[in-house]
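The next block holds one structure in the form of structure tokens; read it before the comments.
Chain lettering (A, B and C) follows the sequence in which the chains are written, and residue indices restart at 1 in each chain.
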Amino acid sequence: MNKLWWLLLTIVCLAGAGFLILKIFPDQRPNAAAPATAVNRIVSLAPNLTEILFALGLGEKVVAVSSDSDYPPEAANKNKVGTFWQPNTEAIIASKANLVITECFEQQKSVAVTLHRLGYRVLPLKIESIEAMLTAIKDIGDATGTQNRADKLDEDITNRLDNLRSKLAARNKVKVLWVVQTEPLRVAGTNTFLNELLELVGGENAIGPTIQQYPPLGTEELLACGAQAIIQSAMGVDNIPEQQQAAEKFWGRWPTLPAVRNNRIYVIDPDTTLRLGPRLCQGLDLVAHCLHPDMDGHE
Amino acid sequence: MSSIIEVTNVSFGYFPQGSILQDVSFDVKAGTFLSIAGPNGAGKTTLLNLLCGLLRPQAGSIMIEAARIQSYSPRRLAQKIAVVRQEFVPVFDFTVAEVVSMARTPYLGTFGFDGKIDREAVSQALEATDTAQFAMRPMKNLSGGERQRVFIARALAQNTVIMLLDEPTSFLDLKHQVHIYDLLKAAQLEKGKTIVAITHDINLAAQYCDEILLLTGRRPAKQRPGNDTENPASYFIGKAKDIFSPAQIEDVFGVRVFTGKVGNENFFIPLGRLAKDSGQANSS
Amino acid sequence: MTQVLTAKSLGIRITLCLAALAVVMCLCALMGSQKVSLRKVLTGPGSSPGENIDYEILVGIRLPRVILAALVGAALACSGVVLQAILRNPLADPYILGISSGAGLGAIAAVLSGATWSFWGGSPIAAFAFAGAIVTVWLVWLIGRAAGKSQITNLLLAGVVINAFLSAVIMFLTSIARSDQVHSTIFWLMGNITEKGPSALGVSAGCILAGTVGLFGVSHRLNILSLGEQEAKSLGVDTAKTQIVAFALAAFITAIAVSLSGLVGFVGLVVPHGVRLVCGPDHRHLLPISAIIGGAFLVAADTLARIIVAPAQLPVGVITAIAGGPFFLVLLARHSRKISWLK
């Protein structure tokens, strides 16, 4: 029993010693609110962040991006620092950035922490809603000294969204089923970002609230939901026409569904079309036209 | 001679209602060789486990060197008692030397590094049991009999005053059966060890041991008031010539025996129904 | 294969292995997706970030990673040795008694709860995973003890049942999570070595080293314990206390390792076997050398994981499984020939 106490004591002492030593050499803590001095080498770790940077006219200053940053075309030619899900810290350091913009989920969070510890200026942004995107644009503007352009971009986006909303305000909501996976059949529930977008374009979710964000759907519920339009998330942008055909064939099994009867099946890639970036309005416009083909006729 | 093991009114049962041993009392004098015999299920192994402290008696007490067995720490008890059970192959690939060295554990420090004395004890034990030739071989490469000798070597290396053995010769050939009993007897006579061995071979037992403890496996019937029936004895202890008689053996073991004499000692051969010459042999 | 074990011969072996580990760590620190020049590193850190990127990469990114990989590898291998001894089962690994699913549950709970974390502090996933692991192991231990005599079997059964139950809960939680949360959880479950801060690294190093040293103190009794409960008791070993101490220490260092790096598989199963084939089953040898070799193994595996598909990275668990399997088969074949074929 004595030995156990000694062991416990050893652990506590070692831990204590560890803390003490680190107090003497504290982690570097540059102030996060450092002035925007010469921010001329920016690294972006997400495609939507890249788009925002380019929209703010900072394209020249972007030195490296995540591998899936494909828009605008100039971004695709920049140096790559790993994927969206696994950024490569070494490559980021090698690009000698003075501002690194990241997302806030676990993997990017830890990269951000490491970079910050090494003294780099990091801006982690949580963009999971339109609201958050507008705030993020402002934050980026503040960090890079382009506040005016940021405000203008925000205004622009807000106006276009309001425009869209007003156009569709008077119309009947279209019951939409947003399908994220066909085998097994899973749809976007009411507690998702896709749902938020759906409501913006004059649609309503064909299914009610569910415990899961992306609930699997059985045939019974499917037939009962009475969806008037089906939007299916595409897998990659390479072969949308083929995917469209395959989808129409898939849904042909249930001709009783209004959506299938009226052949209102749309395959859309939400990653590119509905990216939470400056092009969101265009994407929403596209979806709105799918749901309300005659919406412009009233103008 | 003082008693090194004192068993007083010990009872034990594995289930609440069962009782394997009831009210057993006997003493083992220091430096003697006790043999425990009896039919299967009579409680021999149970008694052995009680004697080495693995099981706790439900009634009664066991004293080792005049101190209660519970008062010994596992380490001190291991310095007094060594146990040899049925051989087995260890899960990990230990060699013969490593297994025998484990006997020195009760004397070693935390990290278990052995010293000269320990190595001496191990090599002596290996020599005595004729296992030195495969000291470096993994245990799983030996035959059952060879492994049994290794376990006996381990008990010898443990250098204790008491050795408890559970059928130490069950897998051995004739030569080694005798060899082991000679070994045990030598350990008793030369080093003064107390040997308690369970054995199925009543002849060998009779030849080597000083006393026999014969467990009959009979439970004394419950006493009913006013009932005078004699209780069958559950055990007998005494010299071999007193305990082993043809009638007693037939009664306890349930088998006919042919009795012969070698010098002053009797020997017994069990007679099966279909064995050769069984009709001609006469039990005397 | 077996020689007389003395304190001196063990000391020599351990020193040699430590030297090998140091060499491996240094070599691996110099390898990576970016070229790093040692000369520039030695000129020290720059006055502002971005000046001496070689230094930043080597000291800021690679060194902590290599140290972490060594620590996790050592903890898992050491713990694997101990569990194989306690359970008397060469197929045991550190996760067998519920640590994996307990830690996984903790991790996914942390991810789902979106627990508040200060940007510069430690990760809540690590804390939750550690807590989950410890609580689960404690539960399994209790169930194993309560169930009666044959403790080893009951421990194993309790571990299997709890693993299954918690895995079901993890599956359920995963099904209601958002996609990035799902991705984070799966990523964590696969086992990854990432860059941790010096405070987290220091504390973990202290704990794992203390735990390993403690286990070394028990390693002689593990030898005896592996013969069986009855035999061990007859040789004077307090089996209950030895089992509790060994199990608690092994569970502790495994929980720390898992909280840092997720569920890196194979190390705790293969390294003890490999070392046992070369050094013999004496735990006084086996334990420290397995710890060191486990560390070296994981450092090498992590380096491969970093390099193979650069600039992306594979989870280190993928490399340990792919590399560990065939490596072990070769070792087994080679050494089985030296032992005479048996029943």
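The definition used in the following text is that a residue touches a chain if its C-beta (ideal position, glycine included) is under 8 Å from a C-beta of that chain, and two chains touch if they have at least 3 such contacts.
Keep in mind the model is a prediction, meaning the values are calculated, not measured.
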Exercise. Touch graph of the chains shown: is it line, ring, star, complete or other?
Worked result: line
Exercise. Where is the C-beta contact count highest, in terms of which two chains?
Worked result: A-C
Exercise. So which chain ends up in the middle if you average the CA atoms?
Worked result: C
For this session: Would you kindly tell me how far, in whole Å, the mean C-alpha position of subunit C lies from that of subunit A?
Result: 35
Exercise. Per the centroid of Cα atoms for each chain, what is the distance between subunit B and subunit C, given in Å?
Worked result: 45
For this session: Calculate how many whole Å lie between the centre of subunit A and the centre of subunit B, each centre taken as the average of the chain's C-alpha atoms.
Result: 77
Exercise. So which bits of subunit A are touching at least two other chains?
Worked result: 3
Seminar exercise, completed: Contacts with two or more other chains occur in subunit C at residues 217
Exercise. Which positions in subunit B touch two or more other chains at once?
Worked result: 110
For this session: Flag every residue of subunit A that touches subunit C in the complex, lowest number first.
Result: 3-4, 7, 10-11, 14-15, 17-19, 21-22, 27, 29, 32, 41, 67, 80-83, 85-86, 88-91, 93-94, 96-98, 105-107, 109-110, 112-114, 116-120, 124, 192, 211-214
Exercise. Okay, in this complex, where on subunit C does subunit B touch?
Worked result: 2, 4-7, 85, 88-90, 216-217, 219-221, 223-224, 226-228, 230-231, 233-238, 276, 280-282, 284, 339-340, 342
Exercise. Can you list the subunit C residues touching subunit A in their complex?
Worked result: 32-34, 48-50, 53, 56-57, 60-62, 111, 117, 119-120, 123, 125, 175-181, 183-184, 187-188, 194-195, 197-199, 202-203, 205-207, 209-211, 213-214, 217, 245, 249, 310-313
Problem set entry | Contacting residues of subunit B [partner subunit C, same complex] | 52-54, 73-79, 81-83, 85, 88, 90-95, 97-99, 102-103, 105-106, 108, 110-113, 119, 136, 138, 140-141, 158
